[in-house]
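Residue numbering begins at 1 within each chain, and the chains themselves are lettered A, B, C and D in the order written.
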């Protein structure tokens, strides 16, 4: 069950309201969004009529609703309008289509600055870059690590672009202080301890769908973060593993639609990892906008042929610029601020 | 290896050219498109330099090219511009985006006429309807069969819309005389005898991707049809089977792009069967147009709640009309005649 | 609902019983096994108490049972002991473990005779051989066709082994007169017209699971055959298509167990197609026996290195003999007659 | 490239040998097994002839071999006989078939002792129990955590059975001091930082295959552990995610065979998680032994109906005892010490 609270209720009153439920044996998840505060009850609520509660506690509760789905705090019922997250002035959520771009791996100061400046000029709103890289082989390049994060911070100071980077375990959290959006990669989507750890942060978390995880499992992983106290989760579809071998993964655009129907969280997609092939990125990006996603994440490199990681799927700076022009043409028609 | 022939070469000369290759132990597939005629050699052509042949047979050959892929006659190399197929005046191929619509099953004269008239007004260019229905259970409705085809013909006469219907085995071919496009369903994509049989027809074949078939296997099945003499094949992505259970299938839009890169055949997509959920059809349809498909196939019913088959994924006539308006808005931007 | 009839009821009485149900709007499937005759009612039977019918028609009915599953005639409820099919004296079903072996393709008289004689000596009970071959490419060897069937018949006369061969479409049925078990291949598992056609035969049908078909879909395809009048269906697990690319398919041994729990039909498995790698065949064969299958189908060739089809997964004659010795050692422990 | 060293070479000499390679730009992974010590070179070794090295360094090197696979230290070439790991006197590896059993979750002292005593009597060699539980929902029981590990230790002291439990993140390592085998669960198979962390331990690691991970990826994850210095890895096949929904996962027994062909590590399988259904566990267990696995892991509970986790797939104590009797019957035939 979810209760939407009146605006400007004092924290004391909210705590009191929650305590009341806890005394009856429920747990409660408090979700404080910019536009509304919600309290989700966890437990067997089938005997409770939400309208009774709205009547009895009209001093604090605006509306109430049963939620039959297993995901509560991230359920669409908590915010029917969809949540818009603000990241250093960049909006992510319904009505917006920010483009996140940058290299798979941060490789050098020169590289990250060249890419950051160029994508900013082209219209990207956030800079992504991998400092800690999850690689299938222990003998492959594992990222520049802490130094990579420092180079991203440098690029942020130079360009003003908020930065996104992937965290691989909770001991790294301090290093991510200057990172604006902490990314949980596909392989860590069900690393529940890491989810709880980023759930203790205040900053937005970009949660990628696992290679073999269902839409419901992705929502349950987002619920882990929200239930730990951080409602600022951005979901990302990045392709699932199927029998088809001509692409790296199979981009599941139906998932984007369903995630938005079932959750109030922003939903973006990553065509680069989904396809694994450069020539597919632009047409997939157009489809991602057309299907109704709230943004996109694209790998771009100043020299893809010599990239240390995922060069085959990275756009060069000109290709990225051309793509941005195509996306801008379509944004107005789709009712999106790009 | 493929040779593109000069225009207006006499059939005798072509036969002669082919015979020459056959005497050297190759087989040859002749592909007569509206814009070009091509001869594909099958066999070990690694020792042949196509330029030698172009020089030696400049009376007949315009250009030649090695094809390393296993699919030859449907290879993009045979027609770099992409093939446009004409179906009773309706064009399917690059630059066009015809919408094929109609009910899953033909159920009655009233139903099929109501749907046909309405979708025509909304802007559909072809009418689809199932007469022979492949159903998982022998106890489910198996279609109106021959009578269903007659009702489709009636609708065609009334509205002028060319008609598309699924064939289930080669003994039915005579019944399909008035059908403009013969559809091979997903479950029959590797029914090779049926592929050969429709390869002996002149009329276009709409070939749907199998639930668990790779992009390359789809191209090889199209090659069966082309190698049997019928180059008029339209490929259709309709979702593949994956672990995700919230949708009926997973629509693979990367496949649409790759099929167009690798083959000259028109490529359309079917969001209704892919999703299995009505509310996903419109956003997926927009994505299908944006990704560069050459058309779309959508299930529409005058009374989805009482449809004998696949009601949950069928649009009603108003929803279809609304979708068409959305697609028309986007067609110009995408450079497509809808 | 299924009714098990008393032994030796006259056909007239049975027809009468069925007619009674049809007059009430049900359809009925009559299933005549060697050990029992059953009548399955199709339709909404929820209002009928089977015990009422047993009481009222004790002259003809032994027992009755509701079947909630969609598969009726192949449901375990129809024959709790499991059906044993007799093929020219060879038993397939619970308590038996016949080995079916032979080449992927019949290639010559010499080949098929060499293989047949050798596998018989080793202990195989049936000879398999492909005459009509479903191949992904139209340019690959398509089988010896009718001539291949004649060579199989020759081998049958020479060795006494009953023969198994794959049919690709219903127009070939007459050619299969001397074939003891008609095989439906994985790609045709949902070729419903072909299922109905072999449902009109009396001879056993070996139905292979499709690459992407669920256990329930396999049972529903068997139901097509049974509902058309042929209860002699043998189910075959042969691997499903997954993301794993090191094997050709993923053998699903849980399916063997579940098929036997849910259906009375014999269930065998094919490790050769599942694995696609010779060195996996023997260990998988042992696992297939241990898991409780009713038999096995193994590709064997007198000269695998030069096989026209699937050489990489075929055992040579010595390897097959060694495998048979291993299986025989285990048969007694498993309570199976091999 | 791998070099097998002579027995009883001094650590100084080995360090020296490795330093020599590092000076030439290679990295080296030292793998110290009970039976042999190996040095794997990482880097481009194509120009090196292993026989040259064997000749030049016959004081230290017994044999050398190029390894083209990406996995080096876990490659079969490192130990053609297969590695046998000793866990408190229990052997895991070729020739053995230890049974690991116990509850999904440790729930109470009473429960874990009851299960431990009973399975020991039945013949299990190791006790498993979950203390930290990865659960899809944050609202589900997350395990008894540190207290659960203490109860496992208690059961170990009472019964003498070495214990196996799952670790979820590297900060928990200290808590696992008394745990004999640290388990990495399927969802953490590519949690590379955790793999590196357990790679710094000396105790054996049981590494489960991820739901959507290939055989090669599993080997690469094992390589992470080995490359970090811990060669004592036990691989575990536990079912992969496919389209089939009647079982929880699809057990891939071909993977067991291939893993043993490609790696020297012991390979076990877990039928409980693979099937998710109690009645499948015994037949799958027999198949796992027959296919050649080096052991098995089975969930057992003293009261499955009231288990806090995975009750539907847990055997009760009697069922486990019956299964053990079946496995013992087969062990001798399979040449395994159970």
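Note that in this section contacts are C-beta pairs under 8 Å (C-beta built on N, C-alpha and C of every residue); 3 or more make two chains touch, one makes a residue touch a chain.
All values derive from a computational prediction rather than experimental measurement.
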Chain whose mean Cα position lies farthest from chain D: B
Pair joined by the larger number of C-beta contacts - B-D, A-D: A-D
Distance from the mean Cα position of chain D to that of chain A, given in whole angstrom: 34
Inter-centroid spacing, chain D versus chain B (mean Cα positions, whole Å): 50
Of all residues in chain A, the ones touching two or more other chains: 212, 241-243, 245
Complex contacts: residues of chain D adjacent to chain C: 212, 214-216, 240, 242-247, 250-255, 257-258, 261, 274-275, 279-280, 283-284, 286-292, 329-330, 333
Residue ranges of chain A in contact with chain C within the complex: 212, 241-243, 245
Chain B-touching residues of chain C, taken from the complex the two chains share: 27, 42, 70, 134-139, 168-171, 187-188, 190-194, 196, 210-212, 217, 220, 223-224, 227-228, 241
